[in-house]
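Letters A, B and C name the chains as they come in the text, with residue numbers starting at 1 for each one.
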Amino acid sequence: MSVPLPTFHNRGDRAYRVTLTGLAALLPLLLVVVGAELAVRAWPSIHRFGFNFLWTGRWDPVTEVYGAGPLIFGTLVSSLLALLLAVPLALGVAIFLTEFAPKWLRRPVAFLVELLAAVPSVVYGVWGIFVLIPFLRGHVVPGLKAVLGWSPFFSGVFYGNSMLAGGIILAIMIVPYIAAVSREVLLAVPGSQREAALGLGATRWEAVWSAVLPYGRAGVIGAVMLGLGRALGETMAVTMVIGNRHDIGASLLQPGYTMAAALANEFSEATTGMYLAALFEVGLLLFVITVTVNALARLLVWRVARGGSAGSRAL
Amino acid sequence: MSARAIRRRILSAAMTGLVGVLCAAAVLPLVLIFADLLHKGATSIDWNFFVRTPVPIGQSGGGVAHAIVGSAIIVGTACLIGLPIGIGAGIYLAEYGTGRLGWTVRFVADVLNGTPSIVIGILAWTWFVRPVGHFSALAASVALAMLMVPMVARTTEEMVRLVPHSLREAALALGYPRWRTSLQVVVRTAVAGIVTGALVAVARIAGETAPLLFTALGNLNFSLSLGHPMQALPLQIFTYATGPFEEWHRLAWASALVLMALVLLLAMAARWATRQRYGTR
Amino acid sequence: MAPADAPARLATQRLTALFDRTVAVREISLLFPANTVTAIIGPSGCGKSTFLRCLNRMHELSEGGWITGRVLLDDVDVYGGTVDPVAVRRRIGMVFQRPTPFPTMSIHDNVAAGLRVNGRLPGAAVTTAVERALRQAALWDEVHDRLNSSALALSGGQQQRLCIARALAPQPEVLLLDEPTGSLDPAGTQRIEELCHDLKRRYTIVIVTHNLQQAARVSDYTAFFYLGKLVEVGRTAELFTRPAREETEAYLTGRFG
C-alpha cells in the first residue's frame, strides 16, 4: 500500500510557501519587466536608427540624430583600461591573502580591501576630481608624455578629465570585487592540489602557478568578468572625471564618455521624444551588456565554488 | 643545490614579494582616500554643518542638515519596501529553493546585483516620476529598494542555510508545522545574520547617487514630504563637487566625510551583529 | 513475533521505508507494548534510525522519503488519509543524537516550545508544565534558578536532558530516542539511562542505540536490525543470552558491525 504524502499539511504551510514564492518570483519578474520596459521606450530610436545607432558618432538633439558609437567606445575603453590595471592588483591581493600572507595579516588586509568596496561611488568621484586628476597632471602625465608621447594613446593635451582618469578610478573601484571573488575561488581549491605540487618538489610559487591557479581558472575568469560588469555600469565616479564628450579618440589623455555617464548627464535634459528614446536605447544596451557579462561570470564562478555562495556577498 | 634549483627559489621569492607589493598597492588608494577625506573634510565640519541648510552662493557657512535627513528618509523608506521582499525571497531560496524556480531566482538575484544602478534609476523615473509629472523622494526609495532586494535575498539565504538542519528537525518533531518551524526556529536563529546582511545592503544603498538623479532630484530646502523632491547626501556631494565654487568644494569634502563615516558606521554595526552570533552568550 | 504481555501502544505492519527508489527498511512488523522500553540495535546503516523516523512521520520530511505499510498508534494508522502528521508528532515525542536546544530561547522557553505550538495556554499552566517536564527529565534541580538564561550555557548532558524535557512537556504518549547518548560523556550517558527507567512508567519508549551494553541495561525488549531487515526481536535478557539467529549472535559477539 503506497501512501500519498501531502506536501502541505495545513493552510498555514501553504500560505507561507505561497507568500515566499510570490516574493521570490518578484526578482525574475523585475529582470524581465526592466528589460521589456527599456525595449518599449527605446523602440522609436531602434526603429529610426537601426544598427547605425551602435557605431555612428553624431549626437545632435537639434537635428534629432543620435548615434551611441562614442558612448559604447568610451565604455569599453575605460572598462578595459580599468581591467588592465585592476586585475594584477586584485589577483595579487587574492593570491597573497590565500597563499602567502602570515595568518595575522589576512583578516585585516581582507577587511581593508572590503572597505574599498564600501566607499560610495560619489566619494571616489570627489577624490578623483580634487586629488587624482591634479596628481596625474602634475606627476604622471608629464612622465607618460616624455616616454610614450610618440604613441597615439598618449598624444594631445591633457585637460584633466579624461579616459585615463576614468580608467584609473574604475580600476580602484573594481579591485575589491575581483579580489573578493578570486579569493573565495582560490580558497575553494582543495588543499590536496597544493600539497601534491609541493610534494613533487615545487616551490611555493610554482605550486600556486602550476596547481592552484589552473584549478581555479574558470572562477578567476568569472571574478574578472564580475569586475568588468561593475566597470561597465559604474556611473557617478566616471561621470565626474571622464570629461563627458561625444568623441572617439585614440588618446587616453582626451575626454571620453560612457553609456552610464551619458544617462546620468542627459536624461533629465532630454526634452524631445526621440532624445529620450535614444537615451532609453543606451540604457537598454547597457542593461543587456551588463546582464550578459554578469550571467556568464556567475556561471563561471558557480562552476568552481559550488553552491553559489562565492561572490554572492553583497559587498 | 644546482643552479636551476637556485633560480627556482629566487623566482619563488621574487613572485611572493611581487604579490605582496601588488596587494599593498591595492590597499594604498583606500589609505589615501581616507587620509584626504579626513584632511580636507574634517576642518569644514562644525555644529552648523549638521543643523543648518545651505546658504546663498557667495556666503560661507551653511550645512547639509536637509541632505542628512533626506537620506535617512529615502533610505528608511527603501528599507520598508525592500527588506520584506528581500528577506522573504531569501527565506524562500533557503527553504524551498532546490527546484528550477529556486535556481532561477538565485541566478537572477546575482545578475541583478551587478545591474547598473543608473538603469534602475531610469526605470523608477519611468514608473513613478513621469506619470505624476514631478520628481519625488518616493521614486528614489523604490529605486533603492529594487537595488537592495537582490543583495538582501542572497545574504538572507546564506544565513538561513547556516542554521543546522538538526534544529529544524527538532522543531518538526515537537509538532511545529513547517511554517512555524521556519519562522520561529530557523529564521529566528538566523536573525543576527539577516540583520548583518540588511545593514550591509543599507550601507551600500546609502551611498548610491545615480538612481537619485532623476527621482529625488535634490532640493535646496528642508523637505520631509515623500511626494516631492528631496535632497540626499550623495546628491549634495555630487552637486557641490562638480560646481564651480571653492566654498562648495569645501562642503563637498565635508559631506563626503560624513557620508563615508555613516557608511562605515553601518559596516561596523553589521560586523558587530555578526560577532554577537558567534560570540559567547 | 513480539511478546504480547502488555497492551500494545504502537505497532508497525509491514513497514517499508524508501528514499526515492531505494529501500532503507523492508517490511518491518513490530509491536511496542505500553510502558516498556524497546531498544533497536544493529550496525550502522541497518536502517534503525530511518525506521524510528517513520514512527512519527519524520521520514517523509527527508529528501525523497516515503513509506509503504502501516504504523498504528492505538490502532489508528498514523499514515491514514485524514491524519495530520503534525498532530502525530505531538503525540510521539522525539530526541536526537546531538542535543538541539533552540539557541535563541531560554531554558524555560525551550521546554515550553512544544506547549506553545499546541495552542495558547495560560501562563500558570505553562509554568507548571515546564517544571513537571524538567523534573521528569531530572534537570529541575540543576536549572530551576536560571530558567531564563540561554540553553546554550548548559553542558552537553544537560542540553540533552533539556531536549528530553522539551519532548515530554506536551505530554506525548510515546518517546522516540535516536541514539540519545551518542554525543555524551559516560556521566551524561548514565543520567539518561537512569531516566529511561523512570520514564517508562508513563511512556512507551523506543530507543535506537549502537551501544549493546546500553540496550541491555535500559530495555525490556530488543529488536536487531540488519541490512534494512528485522532479524530478531525478543525480551532483552533472552535475546542477549540465547539469540535465535546466527546473525544476531555474530553481532552480539562483535564479529561484525
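Definition applied: a contact is a pair of C-beta atoms (placed from the backbone, for glycine too) under 8 Å apart; a residue touches a chain by one contact, two chains touch by 3 or more.
Quick caveat, the model's predicted, so the values are computed rather than measured.
Chain centres here are C-alpha means, and the one lying farthest from chain A is C.
Highest inter-chain contact count (C-beta pairs) belongs to A-B.
Our note on geometry: chain A versus chain B, Cα centroid distance of 17 Å, whole angstroms. The centroid of the Cα atoms in chain A and the matching centroid in chain C are 55 Å apart.
One finds 48 Å separating the Cα centroids of chain B and chain C. Chain contacts: chain A has residues 9-10 touching two or more partner chains.
Chain contacts: chain C has residues 86 touching two or more partner chains. Shared contact sites, meaning residues of chain B that touch two or more other chains, fall at 177, 180.
Touching chain B in their complex are the following residues of chain A: 9-10, 12-13, 15-17, 19-21, 23-28, 30-31, 34, 37-38, 41, 88-93, 95-97, 99-101, 109, 112-113, 115-116, 118-127, 129-131, 172, 175, 179, 203-206, 208-209, 226, 229-230, 232-236, 240, 260, 263-264, 267-268, 279-280, 283, 286-287, 290-291, 293-295, 297-298, 308-309, 311-315.
Of all the residues in chain C, the ones that touch chain B in their complex are 56, 58, 61, 86-87, 89-90, 93-94, 96, 98, 100, 102-104, 113-114, 117-118, 150, 152-153, 163, 166-167, 170.
By the touch rule above, chain B contacts chain C in their complex via residues 164, 166-167, 169-177, 180, 185, 188-189, 191, 281. Contact residues on chain B toward chain A in their complex (touch as defined above): 8-9, 11-13, 15-16, 18-23, 25-27, 29-30, 32-33, 36-37, 40, 84-85, 88-89, 91-93, 95-97, 101-102, 104-123, 125-127, 146, 149-155, 158, 177-180, 182-183, 197, 200-201, 203-204, 206-210, 213-214, 217, 234, 237-238, 241-242, 249, 252-253, 256, 259-260, 263-264, 267.
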